[in-house]
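Before anything else, here's the structure in question.
The first chain written gets the first letter, and so on, giving A, B, C, D, E, F, G, H, I, J, K and L; residue counts start at 1 in each chain.
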Amino acid sequence: MTEQVYKLVEVTGSSKHGYQQAIENAINRASKTVRHLRWFQVVETRGYIEEDKVAYWQVSLKIGFSLDNPDQE
Amino acid sequence: MTEQVYKLVEVTGSSKHGYQQAIENAINRASKTVRHLRWFQVVETRGYIEEDKVAYWQVSLKIGFSLDNPDQE
Amino acid sequence: MTEQVYKLVEVTGSSKHGYQQAIENAINRASKTVRHLRWFQVVETRGYIEEDKVAYWQVSLKIGFSLDNPDQE
Amino acid sequence: MTEQVYKLVEVTGSSKHGYQQAIENAINRASKTVRHLRWFQVVETRGYIEEDKVAYWQVSLKIGFSLDNPDQE
Amino acid sequence: MTEQVYKLVEVTGSSKHGYQQAIENAINRASKTVRHLRWFQVVETRGYIEEDKVAYWQVSLKIGFSLDNPDQE
Amino acid sequence: MTEQVYKLVEVTGSSKHGYQQAIENAINRASKTVRHLRWFQVVETRGYIEEDKVAYWQVSLKIGFSLDNPDQE
Amino acid sequence: MTEQVYKLVEVTGSSKHGYQQAIENAINRASKTVRHLRWFQVVETRGYIEEDKVAYWQVSLKIGFSLDNPDQE
Amino acid sequence: MTEQVYKLVEVTGSSKHGYQQAIENAINRASKTVRHLRWFQVVETRGYIEEDKVAYWQVSLKIGFSLDNPDQE
Amino acid sequence: MTEQVYKLVEVTGSSKHGYQQAIENAINRASKTVRHLRWFQVVETRGYIEEDKVAYWQVSLKIGFSLDNPDQE
Amino acid sequence: MTEQVYKLVEVTGSSKHGYQQAIENAINRASKTVRHLRWFQVVETRGYIEEDKVAYWQVSLKIGFSLDNPDQE
Amino acid sequence: MTEQVYKLVEVTGSSKHGYQQAIENAINRASKTVRHLRWFQVVETRGYIEEDKVAYWQVSLKIGFSLDNPDQE
Amino acid sequence: MTEQVYKLVEVTGSSKHGYQQAIENAINRASKTVRHLRWFQVVETRGYIEEDKVAYWQVSLKIGFSLDNPDQE
């Protein structure tokens, strides 16, 4: 392992189906523009209510990714 | 949209079945006495353990609801 | 109920399958060395990403257990 | 002054015009259902953006009011 | 125990006599309008000073109470 | 509304004229490189003092924007 | 009441006898060098242990005092 | 610029007129006893309510000032 | 004094009689299994309510103790 | 100085050699893709342990940089 | 990698020589009673002053270690 | 040891050379106007960047000192 530097981006994923799906949607979307995703940390969990039910789960998370030489780790 | 004012109440929902069900129980119960629920924010996640298993999931959340004219938004 | 004293230990559980399973794995493992587990509080939720998917859910929690006379409560 | 007890309620005020107006709208609305308001504390400041401008300022605040004998203070 | 839902209210109790009395005054006052009080959590401890002595202890606390079926627990 | 994903960026706006102008400057500048801005949250308020007066208001805020299909919401 | 400005100082009081006495010792000592003390806020509660007992209670608090014209309020 | 040391003092400014004026009042008053003020950071925003309106805005801030050689920077 | 290393454990003490007694019960119980206790820091103060009175005070604290050579300090 | 807007990015630097080197590695790497770096703030300090020694220091920091006209300051 | 569970312990290391040495002393001491140390997180940095110089650096950190099967990772 | 009262002041030290030197500069400067310094606690670590390198380390710390009878401890 070399002396890696990572960058963290904050995203909010949403899902009709649940907490985990909102996180997975966020990671999936981030992977379309950033490579070498490594880890995530949940920052906040919220949701939108319609007709007294959870209409959308909304989870904010920080996603860390490797900036350099990720294959040499 | 007019200049809405919202109120937030804090409730703790519990469930034998899981994290999301505890949140949905809390929202369902709040909807019996308050109308026009709009969003929730998770404050704390705890649980009660019996015989080395999670007996009750306990999730504290703030629920926001519209105080006025909600249908005119 | 007598005047109980409880101890809290912090553990991080991991699971391929999800958030709740990571918590249950942590409690299950703690129960092998500590008796009289009573409650848990989630401290932090993180995860490890591989090939743009959540490979491991990692949940840090404090677990409280009774230090004395738990059967006399 | 007797030994007062106060209650705090959390509200979110919104305004097209600015930060202070959002707070004043929240206090004005709270005063319609609660008497003897005494103080407020700002909890969070957010806003909604439309066409790259602040469309609504949204300020969450706790408002404290006296539960008893307020005129005898 | 059924799947209870609890509500939390925030109150500030004051007392000339001390920290604990301020908490007990807050709980006593809350019990006049809310039933089935279950627990409290201290949020903040402040006080008012007159002539270089503590004139009033002021303790803010959240009080949790059961919303349903409390006798069936 | 589809299952949106949002990204949050943190910026610090400054203004000679005041708190709100610093926020609006930050949003205005962000809009030059990012589209579909949706909301902001104030993180910190500071300022620079010259000759015993506020020379610059400095407000750090997170700005959230939609990553996909914003017009189809 | 004019437009007062207050200053806050942070002090740590200690006492062999208890929590409240540590606070009162801190206020009493502060009053020897600063006039017009108005309020305090507890920041942290710690203590020093000797022979398995609390030897000294140590309470850190912020004390607010009026900088000008306190008698004209 | 030499290796400066700064001191921070915490003050609470109040104003009938608004948020920014409370901050400016605090800085103005601090400048009467301390020289070389450099920056401020807002710590807390509160207010006093009379007859359902904001009677006084109260803003607590830390003010930083240079302890040495400020003109040689 | 040599270069000491300390360990911190988190415990929750409870007492029918009050805040301080809950802390002292926690320290007393910890002293039965750990030697060389040095200090404590209060983490959280809660309580259990029965019939509208505080039935049990519950104080969570971290207790620090010396791991080595405590008599040579 | 004009009315600058700054952006903050969060990065995690790592180093075998120590705390400061991890920060400097993070700044050095950020400078390859972003110009006009102005300041940093440490968010979190962690490390990876191998064979009971610190193998990698890992420091997360926010780095602020000027978005416009940096040479005209 | 199997579904690992980790435990975290909090220790305070001290050193006459500096910040990093205090952390390394804490890890070295922890390694004498716990195996399979994996990572640390700094919680707080303090120090003891004698004759206007830092006599002891004191760093509190959480150390995580693997509870099971560490060699099979 | 008598029942000491301590005061805490917050200072920001800066140094071209590093993190520890910034702390030591702050303590050294504080010792010129205050006697009987006892301990410090780090509040925040920042730095100023010039030409993509750390030009100044800036560490904010609280310094505690004894208000009375320090030699009789």
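To be clear about the criterion, a residue touches a chain if its C-beta (ideal position, glycine included) is under 8 Å from a C-beta of that chain, and two chains touch if they have at least 3 such contacts.
Worth saying up front: this structure is predicted, and the values here are computed from it rather than measured.
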| item | value |
| --- | --- |
| Third chains touching both chain L and chain K | J |
| Partner chains shared by chain D and chain K (touch criterion as defined above) | none |
| Cα-centroid distance, chain F relative to chain K, in whole angstrom | 39 |
| Cα-centroid distance, chain F relative to chain L, in whole angstrom | 34 |
| Contacts with 2+ other chains: residues of chain L | 9-10, 19 |
| Every chain pair in contact, whichever chains are involved | A-B, A-C, A-F, A-J, B-C, B-D, B-E, C-I, C-K, D-E, D-F, D-H, E-G, E-I, F-H, F-J, G-H, G-I, G-L, H-L, I-K, J-K, J-L, K-L |
| Contact footprint of chain C on chain A as seen in their complex | 19-20, 23-24, 27-28, 31, 37-42, 63 |
| Chain L to chain H touching residues, read off their complex | 9-16, 25-26, 29-30, 56, 60 |
| Residues of chain A touching chain B in the complex | 18-19, 44-49, 52-54 |
| Residue ranges of chain I touching chain K (in the complex, touch as defined) | 1, 3-8, 10, 62, 64, 67-68 |
